[in-house]
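See the structures that follow.
Same chain, two partners: chain A is paired with chain B first, then with chain C.
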Partner chain A sequence: MDAAFNPLQLHGRHFLVTGASSGIGRSTALLLYRLGARLSVVDRDEQGLASLCAELSPELREADPLVPHIADLSDTAAIEGLVARCVAANGLLHGVVHCAGIQAIAPVRTLKIDGWRKILAVNTEAALMLGKSMSSKKVYAGENGSIVFISSVMGMVGSVGAVAYSMSKAALDGMARSLSLELAPRRIRVNCVAPGYVRTPLFEQTETLWDDATKKAVEDLHPLGFGQPEDVANAVAFLAADTGRWITGSVLVVDGGYLAR
Partner chain B sequence: MDEFLVEMAEILEEDAVGPSDELDGFESWDSLAALSVVAMADAQFGVRMSSQEVRSAETVEDLYQLISAKKAA
Partner chain C sequence: MPQQTELPGYVLITGASSGIGREMAISLSAHYRLILNGRDAERLQATQAACRSPERQLCWVRDLADVGTLSETLPPFLEQNGATVTGFVHCAAMLDVLPLRSITIGHAQDVMNTNALAAMEITRLLMRKNVNHKALKSIVFISSIASQFGAKGFTAYCASKAALDGLMKALAVELGPEVRVNSVLPGGVRTPMTQAMFDDPVTAERLTKDYPLGVGLPSDITSAVAFLMSEQARWITGHQMVVDGGRSANISA
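Then we have the complex of A and B:
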């Protein structure tokens, strides 16, 4: 086998990754860059983005810039402008990976309209607006198009306290299916990755709310244990690269066996 | 305290609650209500609590003191 053979390589391709300052988004940005992509990385956490850029600085390639953009994706109307700035700075896009999201435990009794609308805005509406932006000839590079939305197993099964979150992720899965059909003629694939519980800073915040018995019970629901952000990033890379060439409209579950029960 | 009592009344599905009310005296005081208190403490007061801590409280006032102590810390 040719030592240079790498079916996951992304040389010459520009990806926009949201939520890139931490967790799954950060791991995804790191992996896609190391696979050869040039990146636009987006987050509202300026320090987090700066630390990502610092981590990659020894590996930076002049031909493949890494361009950070600070943005709050709950401002849905501003997303088209954000994408335009990404294109202006780093060229036409080959793909988008939407990792940014709000995860909040909120039983329906405590749900407030503003609260669930913000969850929907970041988790679902931002994804839709990114997909809409990507569909434009002014944005899309015209080949090898791949949009990946980070969904959740909570979009497929229920969980106490996850009403708004589940709603946002189930909507994302359905939206991705229809969007995949609309964008297939332009050879833009649209898929979701649905992780189970992954050890991210967001997850660790949720974990502090659990007592020891709950922690063990939740971990026992994952035959392979809790996941790592890299597990999800690997799946994203598979869908982003030519390895995902014939995959669209799908939800790739990456959950350590959580849904197999 | 007033804002907290309004939130607790909503969680406990009562018209109003008082600080000295015992939590076990409310029909709606269950694990879901406890989780709702956890969510409310985070969203409304910026305080993170565990379900265990919430369930250790006996009265509405106890919960308020727990939240106040964490907020002050």
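Then we have the complex of A and C:
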């Protein structure tokens, strides 16, 4: 094997990354671009996307455009149109990584229907619509297809205040399993990555609710401590590249050992 | 006694004389020095010859079913070769498809010893300070989707793979953060161990139907192991990583 060959390389492939302005999405976009992919990056945060493009601008390759699209994915009816614009600008897609997600810690008695429906819309329905878009010949490049949904350990275990979030992630895992069977004949793989507590802006929202004792207690539940966005991005790259060619319908847990306890 | 930093680090691969273990060895030899373990000296040497820089690899011939005597052989082997083990990949496994009525306790114990208890015992030995000098960083067990699901004729095998995954999780919790421990759960991959299944036309046809992405290659498994052993997986521990072409997601299977 050639020492320079990187098994995670993505040359010649077009990926759509949602939630690319920050956290796991940003880390994923940076890594996939550096592995050779051309990207469509989507977020509702215009400044965040601009800063991502600025960060990559010294490394931009002419053959691999990085195209930003501002969109609020809670408008799930608009997703097929968004994907069509991504394809028009940067060519047919080899894959999608859905990192966009919202969280709202709240006791169930305060839950409002509009609030949890929005969580479900961004976390789960948007993923479904992105998957549906990939099933079209006008969207999919026809080979090396890989869809990755960022799920969460909260889809598999419970936590006080996380009812709607847990629901959205458990639904995401189940949806991905059936989607993987539907898209297998077209050689599009579908997998979830389930992170544990990773240091991102979304996590920091949760952390503000904890005192120091609670923070330490939660960290102690992780044999390897809290994670970094890069830890999740690495797992996404593994699934996106040929290294994951026989993996579909799975949930890859990246959680520092949290679920093993 | 030499200091730990002066000793070369190796990855120990059990079951290296054939199938997934052999592929694993050939593939990982591009990045790591290896200790190859198997029962058959000739086939083990053939694996060694197929590796990158064969002269840098070591062969440890040993039947792992004989779990009780591993403590008498592995530590001296490491000392004689001046070796420390930084990574351990357990690919050794016995699979005999037998109806329950044909299984003897002796056979079931051999299966459990080779598939699960040897993994525990080797880990225990590699965690002893005066044997391996705290060198161990990462462990991967080759389990199976059979650890999660049953199949006719697989009682001892399923039991042993479930035991292996239970062991993996306990080790991940106990040995973390210094050592990461994970399992890879392959679906049906064509190897000498599984050849009988693939040779039977009825089984072979069902396998093709049941697997959304078709049957797997040993390289699919080695890719997953290489990832788990790497820095890119530094926050992954206690995980059962399914690599099975979508088989376990398939209700129609």
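The rule we apply is simple: the second predicted complex is superposed on the first by the 260 of 261 C-alpha atoms of A that agree within 3 Å, B and C clash if a C-alpha of one lies under 4 Å from a C-alpha of the other, contacts with A are read in each partner's own complex, and residues count from 1 in each chain.
We adopt the following convention: contacts are C-beta pairs under 8 Å (C-beta built on N, C-alpha and C of every residue); 3 or more make two chains touch, one makes a residue touch a chain.
Quick caveat: nothing in here was measured; it's all calculated off a predicted structure.
Superposition of the two complexes onto chain A shows chain B and chain C fitting side by side, with no clash.
In the superposed model, more residues of chain A are touched by C than by the other of chain B and chain C. Once the two complexes are laid over each other on the shared chain, residue contacts for A:L209 go to chain B alone; chain C is not touched.
With both structures placed on the common chain, the touch criterion links A:K137 to neither chain B nor chain C. Of the two partner chains, chain B is the only one touched by A:P107; chain C is not.
Within the superposed three-chain model, A:R261 lies in touch with chain C and out of touch with chain B [touch as defined at top]. The superposed arrangement places chain B and chain C with a least CA-CA distance of 28 Å. Touching of chain A by both chain B and chain C, each in its own complex, is seen for no residue at all.
Taken in their complex, chain A has these residues touching chain B: 104-107, 109-110, 112, 115, 160-161, 205, 208-211, 214.
Those residues of chain B lying in contact with chain A across their complex are 7, 10-11, 13, 32-33, 35-36, 38-40, 42-43, 48-52. Against chain C, in their complex, chain A makes its touches with residues 1, 3, 7-8, 177-178, 180-181, 184-185, 187, 189, 223-225, 227-228, 231, 234-235, 237-238, 242-250, 252-261. Contact residues on chain C toward chain A in their complex (touch as defined above): 27, 30, 52, 169, 172-173, 176-177, 180, 212-213, 216-217, 220, 223-224, 226-227, 232-239, 241-246, 248-250, 252.
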